[in-house]
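Here the chain labels run A, B and C in written order, and each chain numbers its own residues starting at 1.
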Amino acid sequence: MVEVSTDRSLAAAAVGGFTPEVFAKHLSSVPAWWRERKKAAYARFEALPMPARTDESWRFSNLSGIRIDGFTPDAAPPAGTAPAPAAFALAAAPMLTFVNGRLAARGVLPAHLAAKGVVVSTLSEAAEKTPELLREHFMAQPQKLGSAKFAALHEAFIADGAFVHVPRGVEVDHPIVLIHSASGSGSAVFPHTLIIAEDNSKVTVVDHFHSNDAFGQFACGANDLYAGHGARIAYTAAQCWSLETLSLQFNSTVVRRDARVQSLNLHLGARQARHESLSQLQAPGGFSEMLALTVASGSREFDQRTLQIHQAPNTKSDLLYKNALLDRSRTIFSGLIVVDPDAQKTDAYQSNRNLMLSPDAESNSLPGLEIQANDVRCTHGATSSPIDADQAFYLKSRGIPEKAANELLIFGFFEEVLSRLENEELHSALRNLIRTRLGQ
Amino acid sequence: MSSLEIKNLHVSTGDKEIVKGVTLTINSGEIHAIMGPNGTGKSTMAKAIAGHPDYVITQGDVLIDGKSILEKESDERAREGIFLAFQYPSEIPGVSIANFLRAALQARMAEGEEIDASSYYKQLYQKMDLLKIDRKFTSRSVNEGFSGGEKKRSEILQMAMLNPKFALMDETDSGLDIDALRIVSDGVNSLRGPNLGILLITHYQRLLSYIVPDHVHVMIEGRIVKSGDKSLALELESRGYDWVKQELATA
Amino acid sequence: MSDITDTLETSLENPVSGIDQSSGNFKYDMTYDFDAGTGLNERTVDYISSVKKEAPWIHDFRQNALKTFMAKPLPTHWATKDLENINFDKIRYYLSQGQKPKRTWDEVPEDIKRTFERLGIPEQERKFLAGVEAQFDSEAAYSNIKEAVSKQGVIFMNSTEALREHPEIFRKYFGKVIPTSDNKFSALNSAVFSGGSFIYVPPGVKVSHPLQAYFRINAENFGQFERTLIICDEGSELTYMEGCTAPKFSTATLHSAVVELVALKGAKIQYITVQNWSSNVFNLVTKRGLAHEESEIKWIDCNIGSRLTMKYPGVVLKGRKSRGEVISIALANDGQHQDTGAKMVHAADETTSTVVSKSISVGQGRATYRGVVHIPKNLKGCKNNTECDALLINTNSRTDTYPAITVRGDRHAVQHEASVSKVSAEQIFYMQQRGLTEGQAMSLSVNGFINDLARQFPMEYSVELKRLIDLEMEGSVG
C-alpha cells in the first residue's frame, strides 16, 4: 500500500526510479523533434500522484505491486543475449523486432504492398517522412481509465515504436508481426504501436511482447488504433513477459464511419499486469469488438479496465473477456459502457466470464453502464463459476487425467473468443502459446 | 357505407414538404392501391392520416363520413375506425399479444363494459388459425423477435380483431417471400367486404396480383399523377415509373 | 476485515440545503413543547434521551454515535457531490407531539390532491398524508391486529417503548446488524433515532397477517430518523410492510432511517417497502439483514417518490444454507434520482443470494444501480444471481449501473446480467394507433416491464402500485 507520511517520500514514490536525472539522460539520446513533447510529458508524470486506495479506477487493484523504483530505461541488452524466439510459429517473418525499445531487426515488406504505399516502419522514421501523421495520431487520445500518470511516463521515456500506415483502399492479406522484447534484469521498456488504416483499407497486426530472460522488468506500453471510413483492423496482442515483470499497457481504438475493429489481447505473462482499453465509436455504422483471454496462475494479478463510448447513432460494440484463474491468482475486470445522448440505436454488449479453477483464486467484476440515449440495446453480464462438475466427471470417466481434463475444458472455455479470429493460422498459434503457458 | 375523404392534403416533416396536395376518396368496400417510387410520400401520407407525431398536415383535410378527424389524437382516430398496418411494426417487450389486443378492444368499449374473456379468446384463436399463426404466439411479446413475415401477419391479425372501417396498409409486402405474401394476402382478402375500405401502399405490382385493387393511383413527388384500374398496375410493372414521369413532362 | 467494511460502506447523501421552513408555502406553529432546537450537538442528544426517559445505556449509545458521526467524512469519493450541500447545523433533529408543523388543506398542491383522488385514498387519510393533520387515528384498525398478534406472543411496539420494556430481547441485536460506525448516516441515526418499529416473533410463530408500519406512524416525527429492529426467532415467519403508495408529504427534507433484521435458524422475514415521499425529500436509508442457518430474508423495495433516495438493502448470509433476496423497482421521474441497489455478503457455505432490480427512468429522471456481491475463499457452494434491467422513457432519461462482484475460490457460481431498453415515441404511437390512449399505452409498456416483480408484492399493493405507475406515466411522453 502506498502509504507515505512525508512530502519527500511522497515525491519519491511519485517518480520511483524515473528521476529527473534519469530523464535528462534519456532526453539526450532522442532526436530534437521529440524533446519538447517529452519534457511536457515528464512534467505531467512528476506532478500526478500514484494511484490511491480511494481512486475508483483502481478499486480492487493491488497497489503495493505498482512500484516503479529500481528500473532502468534505455538499458543495453546484456552481452550474449539470445535472439528473440520465432514469433510463435507464424509463417510470416516478423516485420519489426524491438529489443529494449530500439529496433533490432527488420523484415522486408512484400513488394506489391510497398508499391501500394503500405508503410511498416518506426516512429522515428515516420517523424521524418510523415510528421503530420504522427502529430495527429501519436498519443492523441484521452486517458480515461486511471493511468494518466503512466501514460505520461510512457511518452517521456519511449525510445521508439512501430508505425503501420495503410493507405486508402489497400488490403493487406498477411498479418504484420511486430516483436517487442525486454532483456536484462530491471530493464524498463516502453513498447509502442501506432496503426493508421485509411478509408476502406484492411490490415491485420500482431504484437508479441516477451522477455528474453526470466528477470523482472518493467513494461509500460501503448497501442493506438485508428480505423478510417469503412476500414477494417484486426489487432492481436500476445503478452508473454517474464513472470517477474510489472506490465502496464494502454490501448485506444478510434472507430470512424462504418469501420470495424477487432482487438484481441492474450495475457499470459507478468507478475502483475494492468491493461486499459478504450474504444470510441465516433461515427455511425462503426463496430468495435474487444476480446481478451487471460491465464492467471501462481499469485499473479491481472487487472483489466475497459471503456466503450458510443458517440454516434447506429454503432455497435461487443466485449468478451474471459479469465481462467488458477492457484492463488487474482483478476479484476472493470468495464463501462457509456452511451451519449445522441447515440440512438446503439447496440452495446459486454461480457466477463471467469473460470475459477482453484480454491484460492479470486475474481472481481465491475461491469458498468451509463446510458443517456433511450433507443438503445445494451447488456452486460459477468459470471464466475468453476468447471462444470458434470463435464469434469465425464472426461474423467473416459480415462482422461484431471490435469489434461482441465486443460481441455479451459480450451473449451477459451474457444469462444479464439473462434472470432478470422485468421486460422493466428488462431492455432495462439492456442499453442496458451498450451505452453499452461504446461509450465 | 362510410367514406374516407382526403382533400388537398399537404404534409411536411421538419421543414420539408413531402405530400403536396393529394385528393382521394375511399369508400367502404373499395380497395385503392397507391404505387410510386421510394421517397415519394406514400408512407408519409398514411402516417399523417393516422396521426403520427413526426408529420404535420399543413393544408387540407381528412374526413370520415363528412367529419374532419384532424383535431383528433391518433388513438381517437383509431377508435373512429382507422387502422394503420405499419411497414416497421414496433416491438413491445413484456406485453403479450393477447393482453395487447384485449386492451385495444377494451379501449373501444363503453365505460363500465368489460370484454367477455371466452368469446375474446375464441375469436382470437380463430383468426390466428386463419393466418396460420401458432396459437402459442398469444403469450409472446408483441413483435419481439419476430421475423419480417411474422410481423406482417401479426399486423393482419390485429386488423382482423379490431375491425376497422378503413385500413391503411403501408408496404405490407416488403420483405416477404412468396409464401408469406400469399398467407398475408389471403388474410387481407378474407377481411375484404362492404364494411372495409383499404388503402394499399406498395412499390411493386406483385402484391396486387394477390390483393386485386379496384383503383390504382400513382404517386410521384408528393402528388397523385395518374389513376386507373388494376391494369394500370400491370402497365407500371412493364414500363416502370419513368414512363409516368415522362408522360407528365410532355403533358 | 477492512475489505469488507469498505465494500459495505453505504454512502448516504443528504443534499438538504437549509431546512424546509424556508422553502415551500406552508405555515408553522411557532411554539413547541419539546424542541431540541436546530443543529446537532451533545445537548441535543441529552435532550432527546431525557424526553424519552431512556436508560443510561441508550443515552451512552447515542452520545458515542454522535462522536462517530462528527468524525466521519462525507464519502463523496464515490457518491454524488450533492452531499456537500447538507447543512447539518440547520436541521431540526427532534420534534414532538402537538408541535408538528402543519399546513392547511388549501395549501396542498393540486397534483397531490388529484393523486389521492385517483388512488382512492379515504378522506380522513388524505389530510394526514398531506401534512394537514399531525396524526392519523388508526387506533381502531391497528388495535385489532395488535391484539391478535400479541396473543401469539409477538411484541410490536415503537423503538422507545421496546427498549424500555424489553431490553433483554432487543439489546442483543440493537446496533449489531448495522453498527453505528457503518457509515456516516447510520451514525447519525444512532444518535438521534426516534420512532420506528421493534418487533419480536417467538419461535415457531408464523404471523399470518402482514404487519404494517403505516399504523405505527405517530406524531413524533413522521419517520424522519426511524429505527426498526425485527427479530424472528427460530422457525418463525413474518411479513412487514412499510410505507404506502400514496404520496406522503413531509416537512422534513432529510430522512435517514436504519432497519435491522435478524432471522434466526429457519426463520423467514419478508420486508416490503413502498416509498412515495414528496419530491422535496432526501431519503437515505441503511437496511441490512442477518440471516442465520437455513433462514431467509427478502427485501421487496419499491421507490417511486422522493427527490433523492439512496438505499442498498443487504443481507449478511451468516448461517449455512441461508438465502437472501432483494427485489427492487425504482421509478425516477423529472427531478428525481433513485440510487438503489443491493449488498450480498456471503459468510457461510451453500448460501444463495438473488437480486432483481428493475428501474424506470422518465423525463429527466435518473436511476442508478449499485451493487456488491462478496464471496470469500474459504466457503463452498455459494450462488448468486443478479439481474438488473433499466427501462428508459424519453431521451433525457439517464440510467447508470455500477455493480461490484468479488468471488474467491472455485466452489461458487455467480452470475450478473443487466440490460437497458426503451419505450420510444414510435412504440407509443403504435399502441395509440390501436386505439389506446397515450396513458394506457405507456402503462402497458411499463407494467409489462415490471410485471414479474410487481407480482411479488401482496395483492393490494400490487394493484395500487399499478395504478400509481399509471399515474406517473401519464404525460411522460412528449
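By our rule, a contact is a pair of C-beta atoms (placed from the backbone, for glycine too) under 8 Å apart; a residue touches a chain by one contact, two chains touch by 3 or more.
Given the structure is predicted, the values throughout are model-derived calculations rather than measurements.
Participant: Looking only at which chains touch which, which shape fits best: line, ring, star, complete or other?
Facilitator: The chain contacts form an open line.
Participant: Among all chains, which one's averaged Cα position is nearest the averaged Cα position of every protein chain shown?
Facilitator: The chain sitting closest to the overall C-alpha centre is C.
Participant: So which chain is the furthest away from chain B, centre to centre on CA atoms?
Facilitator: With centres defined by C-alpha atoms, farthest from chain B sits A.
Participant: What whole-number Å value describes the gap between the mean CA coordinates of chain B and chain C?
Facilitator: About 50 Å, centre to centre.
Participant: Using the average of all C-alpha atoms in each chain as its centre, how far is it in Å between chain A and chain C?
Facilitator: Using C-alpha averages as centres, the distance is 44 Å.
Participant: Please report how many Å separate the Cα centroid of chain A from that of chain B, as a whole number.
Facilitator: 54
Participant: Please set out, as single numbers or ranges, the residues of chain C touching at least two other chains.
Facilitator: Residue numbers touching two or more other chains: 421, 424.
Participant: Counting only residues that touch at least two other chains, what does the list for chain A look like?
Facilitator: Not one residue in chain A touches at least two other chains.
Participant: Would you pull the chain C residues touching chain B in the complex into a rising list?
Facilitator: Touch list, chain C to chain B: 421, 424-427, 429-438, 440-441, 444-445, 447-449, 451.
Participant: In their complex, what parts of chain C are in touch with chain A?
Facilitator: 77-78, 377, 390, 392-424
Participant: Going by the contact rule set out above, which residues of chain A touch chain C in the complex?
Facilitator: 54, 56, 59-60, 341, 354, 356-387
Participant: Which stretch or stretches of chain B touch chain C in the complex?
Facilitator: Residue positions touching the partner: 50-53, 73-75, 78-79, 82-84, 86, 89-95, 99-101, 103-104, 107-108, 141, 158, 162.
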